[in-house]
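Taking it in order: structure first as structure tokens, then the write-up.
As written, the chains take the letters A, B, C, D, E, F and G, and residue 1 is the first residue of each chain.
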Amino acid sequence: MKIRPLHDRVLVERIDEEETTAGGIIIPDTAKEKPQEGRVVAVGKGRVTEDGSVTKLDVKAGDRVLFGKYGGADVTLDGNDYLILREDDILAIVG
Amino acid sequence: MKIRPLHDRVLVERIDEEETTAGGIIIPDTAKEKPQEGRVVAVGKGRVTEDGSVTKLDVKAGDRVLFGKYGGADVTLDGNDYLILREDDILAIVG
Amino acid sequence: MKIRPLHDRVLVERIDEEETTAGGIIIPDTAKEKPQEGRVVAVGKGRVTEDGSVTKLDVKAGDRVLFGKYGGADVTLDGNDYLILREDDILAIVG
Amino acid sequence: MKIRPLHDRVLVERIDEEETTAGGIIIPDTAKEKPQEGRVVAVGKGRVTEDGSVTKLDVKAGDRVLFGKYGGADVTLDGNDYLILREDDILAIVG
Amino acid sequence: MKIRPLHDRVLVERIDEEETTAGGIIIPDTAKEKPQEGRVVAVGKGRVTEDGSVTKLDVKAGDRVLFGKYGGADVTLDGNDYLILREDDILAIVG
Amino acid sequence: MKIRPLHDRVLVERIDEEETTAGGIIIPDTAKEKPQEGRVVAVGKGRVTEDGSVTKLDVKAGDRVLFGKYGGADVTLDGNDYLILREDDILAIVG
Amino acid sequence: MKIRPLHDRVLVERIDEEETTAGGIIIPDTAKEKPQEGRVVAVGKGRVTEDGSVTKLDVKAGDRVLFGKYGGADVTLDGNDYLILREDDILAIVG
């Protein structure tokens, strides 16, 4: 089964915290928003602009990304945790 | 009787949870927004842009879709549950 | 006496629930927004775009429509209940 | 003394409820927003668009109009009640 | 000393209520927003549009204007009360 | 050390109230927003418009300005109080 | 490991307060928003405009910047504190 995100949405597989720590990024326990890590599994065709044209996304399948803790929708598929979010909710590409 | 959604709205028939589980997607019980599944029954002509032209929708009748739990309006027609929502509330096409 | 809606507004005559049930649409009693039915009596000239041109509406007099429960303004004229709402508040055309 | 509304604003003289009832429109006592009636006395030159051009208004002096209960600013001039509101707050032209 | 309002802002000298009453406009004591009167002392060069061009204002020094009770910033200069507000907060020109 | 404001931001040195009073502007103690005075020390290159071009600011270093009490960020440099705010938060140029 | 900010986002390494004080900027303890200092480590490709083109950022790696206390997301990498924020949240370039 495949999930094809719509427009500017991105399907991200969460990376569990152990892997995160191993990768060198330690997220401190503060009151501020803490980004989380994941790997892009699939991306939409692009953002639909006001005049109907499509702007391709910058992230692509395979990218390891940081994203905000809040936002997006959780999906569990075949026992793995995924998140569907808009590309604008992705803060950075890691690695 | 037919329901023709207006502009960028989409008519979606809900897929009950048993079918969802059978399809392999298990939605965990968390505090986050959990997408729900449905099948597109009809779509509007497209989004009316600021200059009056029309941008066709990406989803089409027959598509199996994931959408947010909140948003849209419920309608019951001939004993089936439908939802009318905007295309932008659809997260992804499944399958 | 005639009511001519302005711009993108639409004058809708409510259809009472008995007729609704007869027509096959049963609206369940849930916490979600439940669309209501009506028949379009008159429509405005169209939406005035930013550059001053006018985009004609898609609904026309005679259309049977579904619209959200909240929004619009009630008017009673000659004993009938009407609603004035924006075309964007109309979810779908029925029939 | 004259009041010239600015841009897309409209000066409306309220029509008291007795006249309203005589005209055939009875506004029921519900929780919904109930439009009120008035007669347009003066209109602004038009809405100033983003590029600085002016889009003329659709209502004109003499029009009998329905408008929302909330919005606009009351002015009393020579013992009559007026309202200054934006054209977009006018729902329909009556008669 | 001179105050030159920036962009679409306008410097208005308040007219005290006695003068207002003499001029024929009596503002009733209701819960609605009651416009106040003043005389334009100076205007900005105009509204800066998105593309960087400038749209001149419609009001000019000397205009007697009605404006909303809330909004703008009070300044006292040489014992007189002034208000700096945006032109869009001005409802109408009087006289 | 130099502070170069970004885009449409402006660096303003506060003028203390004694100087303000000497200059003839007395700000009354009311509940309304009271503008404060300062002198522009540095300005950004201009506002970046949607299409990527830059619109230069109207205020320049040396201008004495009025600005709203709320908004902007305080910085103390070499014992003087500065404020970094957007040009749109500046109400007027004084003098 | 590298963090590449997306679009108009900027990766900033925080500068601790001791260094800040040494540099001459003392931030007073008031209720107002107090900017903080950091050094830009990496910047995104630029802001994606509505028509899909890209506007390059003004800040570049190495710039010492002031930014608001609130906003952005904290990341700790190899024991250093970073912040990912949008360029528009940067108030000024220092030095």
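The rule we apply is simple: a contact is a pair of C-beta atoms (placed from the backbone, for glycine too) under 8 Å apart; a residue touches a chain by one contact, two chains touch by 3 or more.
The structure displayed is predicted, hence computed values, not measured ones.
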| item | value |
| --- | --- |
| Neighbouring chains common to chain B and chain G, by label | A |
| Copy pair chain C, chain D: interface residue numbering same or different (half cut) | different |
| Turn needed to bring chain E onto chain F - CA fit, degrees, nearest 5 | 50 |
| Computed distance of Cα centres, chain E from chain C, in Å | 40 |
| Rounded Å distance, chain A centre to chain G centre (Cα mean) | 22 |
| Whole-Å separation of chain centres (CA-atom averages), chain A against chain D | 50 |
| Contacts with 2+ other chains: residues of chain B | 50-51 |
| Chain contact graph, described as a line, ring, star, complete graph or other shape | ring |
| Running round the ring (origin chain A, first step to chain B), the chains in order | A, B, C, D, E, F, G |
| Residues of chain A defined as touching chain G within the complex | 23-28, 30, 32-35, 47, 49-51, 53, 55, 58-59, 66, 68, 87-88, 90-95 |
| Interface residues, chain E side, partner chain F - complex | 1-7, 9, 11, 45, 48, 50-52, 72-78, 81, 84 |
